[in-house]
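Look at the two complexes coming up: chain A is in both, with chain B in one and chain C in the other.
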Partner chain A sequence: MTRNLRQQASDALTASGHYLWSGWGSLASLGIFLAIWELTAQQLGPLILPTPIEALTTLRGLFESGAAWPEIAITARRALAGFGLSVVIGSLLGLAAGVSMTASMMARPIITVLVGMPPIAWLILALLWFGAGDGTPIFTVFIACFPIIFVGAMQGTRTLDGQLKEVARMFGLSTWMKLTDVYLPHVVSYLFPAWISALGMSWKIVVMAELLSTEDGIGAALAVSRSHLDTAASMAWIVALVGTLLAIEYLLLEPLKRRVESWREFASSSN
Partner chain B sequence: MKIDRFWPSTANLWLCAFRSFFLLTAGHAVVAMAWWLGALAGLLPLPELPGGAIVWHAHEMLFGFAGASIAGFLLTAIIEFTGTPAVDRKTVQLLLGLWAGGRLCYLLAGWLGVLPAAVCDLAFLALLTARIAGPLWRQPSRRHLAFFHALTALTAIHAGFYLALWRGGDAMAWLLLGVGLMMILIVIALSRISMRLVNDVLERQGGIAAPYLARPPRRNLAMFAIGLFSAAEFFLPGNAVAGWLALAAAAALLNLLNDWHVGRALWQRWVLIPYLVYWAMALGYALIGLGMLAGSNWNSAGHHLLLAGAMALSILIVMSVAGRLHSGHGLDHRRWLPSAAALLLGAALLRAAASLPAFAGAYLPLLHSAATLWLVAWSLYLACSWRGLTGPRPDGGKGCDEAA
Partner chain C sequence: MLEDIALNVGEGEAVALVGPSGCGKTTLLNLAAGLLTPWEGTIASSFARPAMMFQQPRLLPWKRTLANIGLGLKARGVGRAERDRQAAGLAARMGLTADDLAKFPGALSGGMQSRAALARAFAVGPDLLLLDEAFSALDIGLKSELYRLLAGERAAHGSAVLMITHDLMEAVRLADRILVMSGSPGRIVAEHRVDTPVAARDEAWVFARTAEFIRWPEIRAAFALPPLEGA
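The block that comes next holds the complex of A and B.
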């Protein structure tokens, strides 16, 4: 048993090592992208597009002067608040809707409307409702992420394998065991990818909302640098934003997603 | 021409094409480097050379030293991969003559002009390409056609080099393009050889479920990035675009190493030496890239890591494996091979350090110690492989057949 555990731990460690190492492949693609950026910047001149080095130097300046961290913290707080709200409400409502066929049928057109509504339209409404402040970006993030999570949760519940339920009943599993061993792994395998897509989306939405509605945060800093025609600072903020997104995506979400999806693959291959 | 009529002991040399070429590779590594060192120290005369002494040194290492090893490897490997009959002795002798003619004519180019050297060197590559083209194209799957493409590109680059030399243009830029192509050729060749070597080691260790695979997408990304960098270095010399691409190439090479992280087997010489080839290559490109982006010129350091490190190590491992197996001996388990690899790696690192501004004060001692390690490494190869390459097959096999 201990040996088995040790083997599992060492396998997981090897897999994580391989995954982390494969980050070099992503860096190679990024290097090629930066070369294209550099070439374009050289053709267009620094006023239109600064070179990657100029953008990175400006970004370093922003960090060294202490201007960057507070803005990043504010943006992160808003994005995470909106995202957290949509995770809680979207998951609960989605699960509930998935249990009943009627509720799913009813929810579908509403979700289509919510998904189809562009975030910028929500932003205008939010500005009217909440004014300039934390409320607007948080609400916009929440309402943009909500349908994604709702659909994920609903599908997770709807696609529960009827046969498995039957088997669980036949073996007389307790409700707790049914929940943790049969229902939860399946639902999570749908819910989790939805959370991940929503988290990625929340970062993009929050900056857009800040750009138009608030006086602090990365989005507002972008608006200021645009009004000063400071292309280097704009690019620096964009780099900071995309860098954070890449780090979250590749260091946190992708490894988690792999674990969850490997469970689903395992389940489907053993069926 | 029956050389063995006059010198009977050479008979075994003609059993297979690689024997003479591998000896020439190591011999040239020693002679050309010793001469270069002697000339730098002012002890040996260096005739007036077109393009200057540094171009000669770089050209000899690339097209003389590596050129001979490529000929030996391809003339042996392609017939093995495609199952075609061995190259006839006359073609091998003609190739050897052209190769040697190229070396001599270049040295005498101050008097003769560059044309004789160009004719010899280009005829050598053209003949080699023509000889391997048939088997590669005739093979139904055409799996190894990449060798043909690489060799054709190498011939074109060499022609460009001589044209630039003849016109008095920047011949070094063509040599740098050749370095990139050589790195691509190494990635192609190592992917073929490593599949066999690494899996043999894994198999011997037993109990490994997943075999080693040289995955084409990773390899292709690395070759693509190297190709992009070389093109940028050629068309936009000193530009930061090339710097980013060099970093991309370094990252792509490190990404390639993910195939090689196979556990304990990595510490076996057959796996570790090719693994170090990629490390040297990645470090070389990283140095070039960082230098370009930081505004410092670390090109020489980076290129020496690519050539004295990656290229020399890959030549050593290829010659040690192919040279032993196809002369009827089993794999060489003696200690000289890891020692020679360590010496070459040390030589590359010392030579790279010599070109870095941080060690500028110790330039000459570093240069001399790097060259000494290089000379010892290749002398070791010559001493330990001489009997295998010039002696009869111990297994009763014929020609280039692989040892049972």
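The block that comes next holds the complex of A and C.
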């Protein structure tokens, strides 16, 4: 048993080692990105593109004056509400559609339309339906994320290995066990990437929606700084936006994904 | 696909279906397993605990080996501690180490995966074990090791076995009764009873009987072998 624990501990260490090492790679590419930004900003001048230092100083000013947090919180609330709605509804409907061949056939053209429809078109409709307020950005985020998650869930169910289904039947697994021991682990490996790309999507869409439809949130703050020709503030808000997204993805979703799909990691690293 | 098949497996009996690829062996086995339902005809089974070992190990990739072996027990509502104990005991007899049991199947070698698959089938204490060319992809050393494990577990549980194979030698080695199938439509063309007890079948005996067997006209016809000169 101790041997077992030690093995698990060393597996975990190796896994987090890989994670940290990949973190160094990301940091290096981030450094290169900042360097290019700095050089370009020096060429163009602060009115066109402020340097990273200027943007970060402005951002710090926004935080210190207490202006940043409320706006970030409002934007986050809208993005997460729309994202959460599409996660729940998109996953459930996608799973249901994947189970039935007819339902997946019927869903296909609708999904094509949903994917093809530009978010800005939805935004216009949402403005007409919900007016200025939380409804518009939340709806736009939801409708933009929904098809991604729906397709992920549907493909997850459709690609379920027929051979493993036979194993489940042969060993007399109950419906509940089939779900928790066979279907869900497989489906999650399709759902998770879909959730992550939908989350990135929600963050972009929410700012666009706010820019055009609301008085508060990061998008509205961007609109204000643009109308003042305040490039440094615009850059600061963009940095805040991207920073929040990176934090959620790398601190929350990525570790979660690693944990849920540890079997994939171990399987590939030891072969 | 299948025509006029009357197949009966008695309690504790080992029946081998041999035949060329595509003759409907797997269909027949899936019918017996209840994975398929026949268009015509009936399947009656009084076996309460069938288990199957497939051609590929088919372990669940997201479950550790121990949990994979205990899958059938879990489905029967055996508690976790008890099924882990039983699975670990069985796995030890199958030559799997505690280390292997803590791994995910993807990290096991093919041979270890096959052992785990056999252990998973035996974990439920089956009264009928269905083998779908379960050993065909394994090397001869591993095959003979698994034959030995199979014989041991069969002796312990008195399980009946219905196996399909295209390996005549495997059929001669393991079966009490060998049925020869030929294709399109699949039907049983010959039946042969092997009376020597499995334990008494040594290598020389198996080779001799297989050599004798392969001279049969029915078998040569079923596998589309040319007729023997002077036969």
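The working rule: the second predicted complex is superposed on the first by the 242 of 271 C-alpha atoms of A that agree within 3 Å, B and C clash if a C-alpha of one lies under 4 Å from a C-alpha of the other, contacts with A are read in each partner's own complex, and residues count from 1 in each chain.
Heads up, the rule we're going with is that contacts are C-beta pairs under 8 Å (C-beta built on N, C-alpha and C of every residue); 3 or more make two chains touch, one makes a residue touch a chain.
Everything quoted here is computed from the prediction, not taken from an experiment.
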{"item": "Chain B versus chain C as contact partner of A:102, first or second or both or neither", "value": "neither"}
{"item": "Contacts of A:43 with chain B and chain C, given as first, second, both or neither", "value": "neither"}
{"item": "First (chain B), second (chain C), both or neither touched by A:53", "value": "first"}
{"item": "Dominant toucher of chain A (residue count), chain B or chain C", "value": "C"}
{"item": "Which of chain B and chain C A:227 touches, first, second, both or neither", "value": "neither"}
{"item": "Contacts of A:65 with chain B and chain C, given as first, second, both or neither", "value": "neither"}
{"item": "Contacts of A:164 with chain B and chain C, given as first, second, both or neither", "value": "second"}
{"item": "Residue ranges of chain A in contact with chain B within the complex", "value": "14, 17-18, 21-22, 24-25, 27-32, 34-35, 38-39, 42, 51-53"}
{"item": "Of chain C, residues touching chain A in the complex", "value": "33-35, 50-52, 54, 56, 58, 60-63, 71-72, 74-76, 98-99, 102-107, 120, 124"}
{"item": "Residue ranges of chain A touching chain C (in the complex, touch as defined)", "value": "3-4, 7-8, 163-164, 166-167, 169-174, 177, 181-182, 185-186, 261-264, 266-268, 270-271"}
{"item": "Of chain B, residues touching chain A in the complex", "value": "218, 221-222, 225, 228, 232, 239-242, 244-245, 247-249, 251-252, 254-255, 257-258, 261, 263, 289, 293"}
